[in-house]
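Mind looking over this structure? Questions follow.
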Amino acid sequence: MDIIVLKPGTSEEDIRRIIKKLEGRGLKANISTGTERTVIGVIGDTSKIAEEEEDAIRVMPGVEDVMRILKPYKLASRDFKAEDSTFNVRGKVVGGKKIQVIAGPCAVENKTMLMTIAEKVKNAGASFLRGGAFKPRTSPYSFQGLGEEALQYLADAREKTGLPIVTELMDPRDIEVILKYTDIIQIGARNMQNFRLLLEVGTCDKPVVLKRGLSATIKEWLMAAEYIMSKGNQNVILCERGIRTFETATRNTLDLSAVPLLKQRTHLPVIVDPSHGVGKWDLVAPMSKAAVAVGADGLMIEVHTNPEEAMSDGEQSLKPDAFQKLMEELKPIAAAVGRDI
Amino acid sequence: MDIIVLKPGTSEEDIRRIIKKLEGRGLKANISTGTERTVIGVIGDTSKIAEEEEDAIRVMPGVEDVMRILKPYKLASRDFKAEDSTFNVRGKVVGGKKIQVIAGPCAVENKTMLMTIAEKVKNAGASFLRGGAFKPRTSPYSFQGLGEEALQYLADAREKTGLPIVTELMDPRDIEVILKYTDIIQIGARNMQNFRLLLEVGTCDKPVVLKRGLSATIKEWLMAAEYIMSKGNQNVILCERGIRTFETATRNTLDLSAVPLLKQRTHLPVIVDPSHGVGKWDLVAPMSKAAVAVGADGLMIEVHTNPEEAMSDGEQSLKPDAFQKLMEELKPIAAAVGRDI
Amino acid sequence: MDIIVLKPGTSEEDIRRIIKKLEGRGLKANISTGTERTVIGVIGDTSKIAEEEEDAIRVMPGVEDVMRILKPYKLASRDFKAEDSTFNVRGKVVGGKKIQVIAGPCAVENKTMLMTIAEKVKNAGASFLRGGAFKPRTSPYSFQGLGEEALQYLADAREKTGLPIVTELMDPRDIEVILKYTDIIQIGARNMQNFRLLLEVGTCDKPVVLKRGLSATIKEWLMAAEYIMSKGNQNVILCERGIRTFETATRNTLDLSAVPLLKQRTHLPVIVDPSHGVGKWDLVAPMSKAAVAVGADGLMIEVHTNPEEAMSDGEQSLKPDAFQKLMEELKPIAAAVGRDI
Amino acid sequence: MDIIVLKPGTSEEDIRRIIKKLEGRGLKANISTGTERTVIGVIGDTSKIAEEEEDAIRVMPGVEDVMRILKPYKLASRDFKAEDSTFNVRGKVVGGKKIQVIAGPCAVENKTMLMTIAEKVKNAGASFLRGGAFKPRTSPYSFQGLGEEALQYLADAREKTGLPIVTELMDPRDIEVILKYTDIIQIGARNMQNFRLLLEVGTCDKPVVLKRGLSATIKEWLMAAEYIMSKGNQNVILCERGIRTFETATRNTLDLSAVPLLKQRTHLPVIVDPSHGVGKWDLVAPMSKAAVAVGADGLMIEVHTNPEEAMSDGEQSLKPDAFQKLMEELKPIAAAVGRDI
């Protein structure tokens, strides 16, 4: 349902034009005359009124404002599906009682380092292995990833450790090669509103980690999930990874309140990436604890054996020992909120 | 130490003028000529160069940029004082192992409600009682607080429960009446850069809770603490209460990464106010848990017996039962991070 | 009028409680049942429902959201007063066809510099002289202004040049001394929500320049004007001076769209301060031109004879020659938008 | 050149490790010992130190901070090319004395509307025709554009009016079909950091309008231009279209100070899109005037014959009459800043 607020002194004719427009879309108008404003309540299935039609009504003579009452997303909403969604990925359940930890290097740099890290994070208790094959970098002169070679190393590491793989898709032309190797497709923050890419992964049968865009509202983020789900793929995992604010002491501002808020609005699992969220390795442990305490269904953490030589994101990577220590420290917090880790 | 970056092709004469200016302030210049830029390292006690002098150097011919290496705050910094500061307020230690919880209504509305709330939060385990006597409201037509009458009720509640009082100072003209009653002075977010008020509380002998401004960086916040400390009062408690971002689904965005970051940079205690930070009562519990997990030294939580009739901030207040339940749930999390609550 | 949106499946009893609550405030409920949501339109003078009561309704069982249709400010709104407000200050009309330029140093540093600047800006065509006596500085170790001595110099400069004075009030305890000298009272950005200070200047009979807070929305800014006006002083001048955003290449982001937007919503004059807005002297001229083109009623520009020696804001001050050149360049732009300067 | 700031008390051995690391990259270290901090100036071609290596140095023991002195972009910078870049597109010069106006509908809806609008904007003085064939929409249920059919209509309109075409590329798979028709390729705000798309258009021989991302800093925006230029295409036009801030009264906050700032830092042409920047048709005219006054090389304006029926962005579109009136009003402002329009 939408509410159309009229300007004071709007003519009968203008009101009739608005009503006619609504009726043309099969909707009914309920006029309510207040002391200072008249409003029109739109009765009927207003999900039929797309965004652009709301804008169009907004410019009609006599209209002061249009307020939308229903959320613009449907498949992603709790109204549509009340119980939590869970997905099984090679035997690991995402969205269930166990908090799933995805760990690994920012970028796959070579086979040896990946194998070493994979074994170490596995031993520390991680459930999934992450690693970038195609890397979005702000400079064209930075390392852009090893491409398919990295994917092959990830598959080798999966074979050795049993950890399912999460890796990022940046370009619709890479979808086949990514699907050939990965278990979960990651859509990065900068691609959260790359709508063509969203439609593409919407037709895949593998779960998607959808990172929040740097300046995306909760609503826009859920609309991006809706894009994927509208094509059939219901297995979307939302990943909070920090938003851009005026504060520059941290790389981004990790919005942990998004986790319980999303839990109210959607049935989808919600995980947190503290590494990108703060961008400093020595803040990753406290923010991971906070993420577990706030109710996250998982964590995505960057781990590197030698951050001083990392080819990307060294500043925010934990060394394996620090990661293992953190995994231990998370256990009692997970237990305190009724979860396992 | 400051670094002055010169434009390419700066003349010898311009460089001499800059050096002369520095020498006039008792500083020495260390010139370092790189391949593409020449920089001047300023040797000496650059804390003598105030902000305005940096700006003045920045407009000299030949200067491309001035970069400050040292933090502009001193008394508030970890460099100045390595160990954590703790203060004893009527027997309660702030900044120590025990996480202190400050609870109570946004505004003191009448004596009965305050007494009831005070007893209930005391029984639930709170250590301090909060309550507003002078209220900053965005509308001049909203309830502005009971003034000294409220302070008297707070003192009555303290007498009955033993809970020390925290209340907000908004106007330097109220300082005497506030000091007559309160145990801790609160400076609200909107007054974080009310520099005259900061100087005033800097001469008081009671601790100050300094809330972060809605658009204040960590550095500006610590400079506000420095204002207070520069006048003698070293007992400043920093309170994260959310910053303003583009996201409107929550009232503000609670920046929990500020807590561990501040712990690195300052020796002052850091507490968190989730009620204002998110503005929705049903997000207060998860965010309180996250605040404890991340390392906060305390929490400030709004509690009201009847939020439906609250004269301010009803939307974000917990009922006493919910507060008591939360206090129980916080215990294992506090224990997990080596604290008591 | 307010709209109360009910959750799906809200019970009859919950609806009755809401209606009863509204009736207790002399309001009527108009229930409108849509396909997916039921909404209650509140009929009557909802300006009687203060902010806190809306919050209180929001927490009642069955309520999903409360939407306010009317703007919360009244005296400041175009609905209340359709024609532009103009004030006469010592013969200069603010808010009329002539764009008024307020120029001068950030801080009054000494008498000689002020006299020189005053004469130069007068000759270049400025209508008002600005200069700080009490300075808000982010560091307690920076120059804080000369106090009443500076006010005396400003009065001397007014006597010599005929330019009325604009100076900032930071503390309610300074109001008498400020009123003794100034023609227009300035409320700085950091005090835009210093509500006690706003109430104080609301009882004065001199116009007030109200600068926009760094993180203030247009609505909050107009509410701050409403605070002043609610006490009787209708002569408020709104001054856009930049908001805080993620961009750090400029000191703030000057929001010029605020000017035409305010012109729709309020009858009050709107001026622009490009010096603080961008914080770099070499961007002041283009932004001043843009401000005139967008419809500003005035400009506030920092001018200093020797920015390299300025005790504050040297980086953003124009030299007198550059100011004079700018004043010439603004003339054809003012003419193009039907104004004089 | 980079500056490495050391922590107080860093050991000789740690310093030696840092120097060794630098030397390993062919760089030299200039150590400067101050009173409170020691800094290392890195001498040599630090453009060889990529972002990831800076991060890696940042995590070395003893390092407090790494400050970059040189801008990370090269081809896009004024240092690299001092004179303004201009491109000739079918006889229209972008970046020259004439301010180029790109006008047309948000989306191409059908042939008749496009032809009508094209003729009207041509008659009003526009130089280029814009129109979306593939539309990025926040909802998957909104109109997504007509695809190649729209491109054919644009070509028809070009043939009839002589106006070159600007249209958006969203997906690397569409590049061939877009290049077949368009004269200028537009990269939308949401794709400003779609790095694969940037590399792709970097190999094209048609100019690119690169819109600023909603949360992109000036530096990141120039790095996105650098991506395109690094592949050979030097003809990039930067388009300011508003950034995301806390203010919701306008769709975005149009950052006009970006225009003169970019003019200092880059040789590339800079244009402004006030339609998306403010999102309200009645603010487009004043903001267009401001954009011309501030020094923009062009404007991009949405025009629609019937905004009430527009399939997207009706709220922010000018009707042809209003557009024609605006074009007339812009003339004296352009003349005032030494430009034609």
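Which chain is which? They are A, B, C and D, in the order written, and residues in each are numbered from 1.
Here, a contact is a pair of C-beta atoms (placed from the backbone, for glycine too) under 8 Å apart; a residue touches a chain by one contact, two chains touch by 3 or more.
Everything quoted here is computed from the prediction, not taken from an experiment.
Taking shared numbers over all numbers used, the subunit A to subunit B interface scores over half, which places it in the same class. Here A-C and A-D are compared, and the pair linked by more C-beta contacts is A-D. Greatest Cα centroid separation from subunit A: this falls to C. The geometric centre of subunit A is 26 Å away from that of subunit D, both derived from CA atoms.
Distance between subunit A and subunit B, defined via averaged C-alpha coordinates, is recorded as 31 Å.
Note on chain placement: the centre of subunit A and the centre of subunit C lie 38 Å apart, centres being C-alpha means. Counting partner chains per residue, subunit B has residues 215, 244-246, 248 touching two or more of them. Those residues of subunit A lying in contact with subunit C across their complex are 1, 3, 5, 8, 30, 32-37, 39, 41-46, 65, 67, 69-70, 79, 244-246, 248. Across the interface of their complex, subunit B is touched by residues 21, 47, 50-52, 55-60, 72, 134, 136-143, 170-173, 190-191, 193-199, 213-215, 220, 223, 226-227, 230-231, 244, 281, 307-316 of subunit C.
If you check the complex, the residues on subunit A that touch subunit B are 215, 217-219, 243, 245-250, 253-257, 259-261, 264, 277-278, 280, 282-283, 286-287, 289-295, 329, 332-333, 335-337.
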